[in-house]
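Here it is: the structure, laid out below.
Per-chain numbering from 1; labels A, B, C and D assigned in written order.
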Amino acid sequence: MVKKVKKILIVLAIALIATFLNACQTGPTLRLLNWGEYLNPEVVDLFEEEYGIRVIQSIADSNELFYSKIKSQTTAYDLVIPSDYMVEKMVDEDMLIELDYELLPNFDNVTYMDGVNQIYASMAATTLTRTGESVDYTDYAVPYFWGTFGIIYNNRVDGLEEALNENGWDVYFDSENYFPTASRGMYDVAQFAYAAALMYLGENPNDYNTTLLNDAKTAIEGANFSEWGTDTLKRNVESDNLDMAFVYTGDYLDRLYIQLDEGRTIDEIQSDFNIYIPETTMVFIDNMVIPYTATNLDAAHKFINFLLNPEIMALNGESVGYAVTTEEAYDIVVSHIDDEDAFYHNWAYANMTYYNKDREGTFYPLTALPNDDIDAINTMIQQIRTE
Amino acid sequence: MTEKRIDYPVATLEEYGYRETPAYVKKIIKVLKSVLTYLVIFFLYLSIIVIAIQSLNSSRVMSAFDHVSFQWYPNILNEPELMTAIKNTFLVSSIATVVATILGTFFAIGLYSLEKKRRQQWMLMNNVPILNADIVTGFSLMLMFRLLMPLFPNIFGLFTLVMAHLFFTIPYVILNVMPKLKETDPNLMDAALDLGVRPFKAMLKVLVPAIKAGIFAGMLMALTMSIDDFVISYFNTGAGFDNLSVWIYGVIGRRELTPSVYAFSTLLTLFTLVGLVLYETLKNNKKKGKLWLRK
Amino acid sequence: MEKKKALIELIDVTKTYDDENVVDNISLTIFENEFVTLLGPSGCGKTTTLRMIAGFVQPDKGSVIINGKLFNDLPPYARPIHTVFQRYALFPHLNVFDNVAFGLNNRSWDYLTHFFGLDEVTEEAIKITGGEPTKAAMKKVVKSKIDKAVRDALTMVKLKGFENRKVDQISGGQQQRVALARALVNRPQILLLDEPLAALDLKLRQAMQYELKEMQRKLGITFVFVTHDQEEAMTMSDRIVVMKDGVIQQLGTPKSIYNEPVNRYVANFIGESNIIPGTYVKKDLVNFLGVDFACMGYNFADGEKVDVVIRPEDFDVVDVTKAKITGKVIFSLFKGVHNELEVQIGETVLLLHTYESYEIGQPIGLSIDPYEIHMMKVEVNE
Amino acid sequence: MNKLYRGLARPYQIWLIILVFIPLLAMVLISISNYNASLSLSEVQITFADWDLLFQHQTLVAFKNSLVYASLTTIISFVLGYFVAYQIKQSRIKNKFIILTIIILPMWSNLILRTEGLLNIMEENNILKSIIGFSLLGNIAGTPFAVLFGLVFTYMPFMILPIYTALEKIDISLEEASQDLGVTPFKTFWKVIFPLSLKGVVTGSIMVFLPTMAGFAIPKILSKGNIVLIGNIIDQKFLYTTFNDGSLLAVVILIVILGSLLIITRFDKEGETLL
């Protein structure tokens, strides 16, 4: 009797193992760890068609999850798309493989946008803690998309737009003197709040010491945030439930494109809600990097090279809505400004307005602060929220 | 005979020491009771109703309803990532449910045949995966599976996901089957064995039908828990094998969720409800019984 | 029968479930201090009848009269009736004592003071306080009275010393006694018993039958007893109500039902009997098995077809030569006190009990006393 | 039951030991070490250095919040859930499978979708308001009430089911016996039905209390990040790969869970009414 059951158990076990072995199909594959809906399926199709490499995508919603996924080694990804500070952290911990530029011929044909160069310059300026020497991050990373942060605001509040343009960060953080009844939201990422507070205080958002921490705490308390969220921030400003929030510019564009789809005009939408991008603001750049666990370096390089093609990068930007990183791709995007197709026209217009390559300002990408500092910042934010 | 009735005075509650509740009070209480019951059930379903409304909204602006549109339903098919996630969910949840149901039934029978004291100890253990915090379970299982990686480098994915789901679904099956086992006549199996039926056959032919209700209930719970889980899945998936909940969490990072997700959720709920109603109607027609109706 | 006070009257009572009359137009009167048994196979409507008296079921038609009052709409808790349930229905979360005390513990203050006598309670309360009968003192008195009543009831059912046992730690027989005590402690006018002995083994059952009867006699409570066991009904009842398909077949003393069943159904249900087709020749003469027999006490039309009922023990075994009828033994079984024989006479097989033993195949002669011959009308539709 | 089948329990016992004990042991070990993802295993050592985390302000507040919200959720779920379970039982819908399905069906939709759906209609301008013209729940997003509401109506199925199971198992004749003894239906409920359903209540309470205490998604979304529960801190610790801190807090929760298990076993030796 027990034997029979054992037989069944064995069959079940074999079936289980077989299914999982089946999952590892034959043929070359590219395991990509990405943000959700951050890659145009058309690009995937073209890539698969051209190189015969199947793209398997996993998604996660934060750099920290990328990190823990790679660190835990539970899956060998060939390509990951983390942001700037996470690239630093990964390089710092020897988690990335240096790129072979021989395999990236398209690289020589592109010029990065000013903003992107600024970010890279800033990243290169930081010093690696372990080796004590500066590293050229371009050895490890190729830009994918980039973007700024800004303050999305409810334009139905009288005078808010003017006040923001005039006084910038003060309007957002100083709730005592500016719009005391307005509701303010902040991204539910402690370091974002900390960095924003430092920019408001005129400090470098990547500096860290206990004085700054206390100052930032006071500033954040002064802002009296009513909401700590992620994707809900933009929706709440859009629907008149929230007045200001510090978000990705891409968050605004996401809602903008959706409303354009509904048939509204850009003017109408902007008069409902808009985004203010301060002169000094945070920026991010998502990069294609190859983690040390990668098994198919060839495919990874092919993919990077493929996306460096301005046409492909523009095509990718078409569905994703973040800012392309090369001037060549940017030119393709903005060339649509005279397009009769409303979508292409609006797309070009939005890029020129919100991601203009000639925008002046100081852009700070976040730095990978040491664990203890991050922990202290997290604790500080939690303290504010538990008071 | 009615005349006879008139002859007798009617006995009242008062003369037996009880207060008569006025009819209108009774009525009010009755109405209040059903109102409250339906209100609670309505609130249980409130979030689902909102999801259904969102799925019918022509606009992707979630705070305002534009007009009714079914566009998001066929659009499910146009979202390759969503489709993959749905397929993965079905694959993982159905494998996990079927395996958990079969194994859970065997295990429950096994545990049931232990001595009482032993059984109680193991049933206690059985509760740990159910009651443990998801994040602890998810993380500790991942640690476990990582130990296997030197042997099977590609273990993370379907296999680990199914194993992790088995970890918390089997206890639910056992919990549902065990009470049914206790209700069965202890002589049932002996009688079958006495008649010369082989133990395994006896189990399948005699015991399993007797505990069918428990097995079904356990299966349903297992399926629900498997579909609903995010945290444990998150830690134990890999290699692009994202189920729906992992996918939904992931998408929020950079982009807006497609309303087709709402459409899918609504479909799933509707199909289940319609299936249930159909099943009950058919059964009632067949038996002409009134299981479902109030007496 | 002397004129007694009618306690329960069912008048034209009908109960219908799923278009089926479970109880069909029953009328029945139960008198004070009487032991009445509703007898019949399962599904005959006896339990439903009982539940209508208890108040768990409302009749669709007809009246339930208790103490001369219409009780149709009164809920069970207000009725002066208590029930001993088939599977006892003891409260598993309470011990034996609390089970028995349950009814009294949960009654209103007015009820309790009335129950124990307001004067008596006040008097004892004065004794305690030495002055005013305070509410606290009265409560104390009532509590001790409940305590005493419960202990008395437990003593009566011979369960003294079991007060603190859990109800699932005592035997079936003891549980049965707890259920009895739980009902009796409330001094009901009427006690309903729904097959209370069914789950007990034979010996215990017989002992309990005797005890129940004794108790009923002693307490002067009306017992309405439901059973499907005719022997139980015979032993205990003052009157038996034989039911079938929701209809009362016969109502009478055990003796009259046994001896003079009104129809084939009752005859078959109450003990074993031989039912033989015959003809009522003329007054005090009946012909069956081809022979004329003297009989007494029946009035049928001359020459009318009748069914003759003869109980197996009513045959007299006589010498073959002197016998009225003779036959051949085809089956014999030793039953302890008597032998059970099957005797073939022509086409007919008779069942009879004798004290002598016979071998199979042996010829046997029988005669029947006139007063042992019972007759009933031939039923047309059966 | 036949001893023949005892062998069937063996694989499960091994399974439980491997998948329950060993990982939990690992968690406990991690909690007393300095382990985090950045360290290689050779650098890991035993330390209690991070244990002051337990006494930091935000941890204590989060623990307090968790306890308060879990308790309130449990109490409200108990009152409403008991009521609904009792009504279902009274309704004489006898098919348990159907009841089970109807009660847990909402869980087939993703928790995040459901919670964000709730958040949506808790905002001042919401989708329901645009249809029916008024805000059903008022503008409660971000308030403690919103969090309670979400927690209660998410976890109540776990309260309803065990209570229903317990109620269903109560022999109807006990109710009849009580009424027969002169006790009104209302009093019968408190003296007979309720005490006999306590098993289900205890099980249901624990099934609601524990996930509420350890969970993080619902409070995070519905409080708009303004209320921090211990689950949120654990979540963040794991997210930032501070595994030792996360494990430490998780172990504390584990102790609460084990305590609850002991309570269960006192009332319900074999988890009969767990579902």
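Of note:
By our rule, a contact is a pair of C-beta atoms (placed from the backbone, for glycine too) under 8 Å apart; a residue touches a chain by one contact, two chains touch by 3 or more.
Treat the numbers as computed from the prediction; the structure is a model and nothing was measured.
Drop chain C from the picture and the touching chains left over make up one piece.
Set against the C-alpha centre of chain B, every other chain centre is closer than that of C.
Overall, the chain located most centrally, as judged by its C-alpha mean against the mean of all protein C-alpha atoms, is B.
Rounded to a whole number, the gap between the C-alpha centres of chain A and chain D is 35 angstrom. Taking the mean of the C-alpha atoms as each chain's centre, chain B and chain C sit 50 Å apart. In this assembly, the C-alpha centroid of chain A lies 87 Å from the C-alpha centroid of chain C. Each of the following residues of chain C touches two or more other chains: 75, 77-78, 107, 111.
Shared interface positions of chain B, defined as residues touching 2 or more other chains, are 18, 62-64, 103, 106, 199, 203, 249, 252. Shared interface positions of chain D, i.e. residues touching 2 or more other chains, are given as 4-5, 7-8, 11, 123, 125-126, 184, 238. If you check each pair of chains against the touch rule, the ones that pass are A-B, A-D, B-C, B-D, C-D.
Within the complex, the chain B residues that touch chain A are 59-64, 66, 80-81, 95, 99, 102-103, 106, 142, 145-146, 149, 153-160, 162-163, 198-200, 203, 236-242, 246-247, 249-258.
Residues 1, 4-5, 8-13, 16-18 of chain B are the ones touching chain C in the complex. Contact residues of chain D toward chain A in the complex are 4-5, 7-8, 11, 36-38, 56-58, 61-62, 65, 116, 119, 123-126, 141-142, 220-221, 224-228, 233, 236, 238-242, 245. Across the complex, chain B is touched by residues 11-12, 62-63, 65-71, 73-75, 77-80, 107-108, 110-111, 114 of chain C.
Considering their complex, residues 18, 33-34, 36-37, 40-41, 43-48, 50-51, 53-54, 57, 62-65, 103, 106-107, 109-114, 119-120, 122-137, 139-141, 143-144, 167, 170, 172, 174-176, 178-179, 181-182, 186, 189-190, 193, 199, 203, 213, 216-217, 220-221, 224, 227-228, 230, 244-245, 248-249, 252, 261-262, 265, 268-269, 272-273, 276, 280, 291-292, 294-295 of chain B touch chain D.
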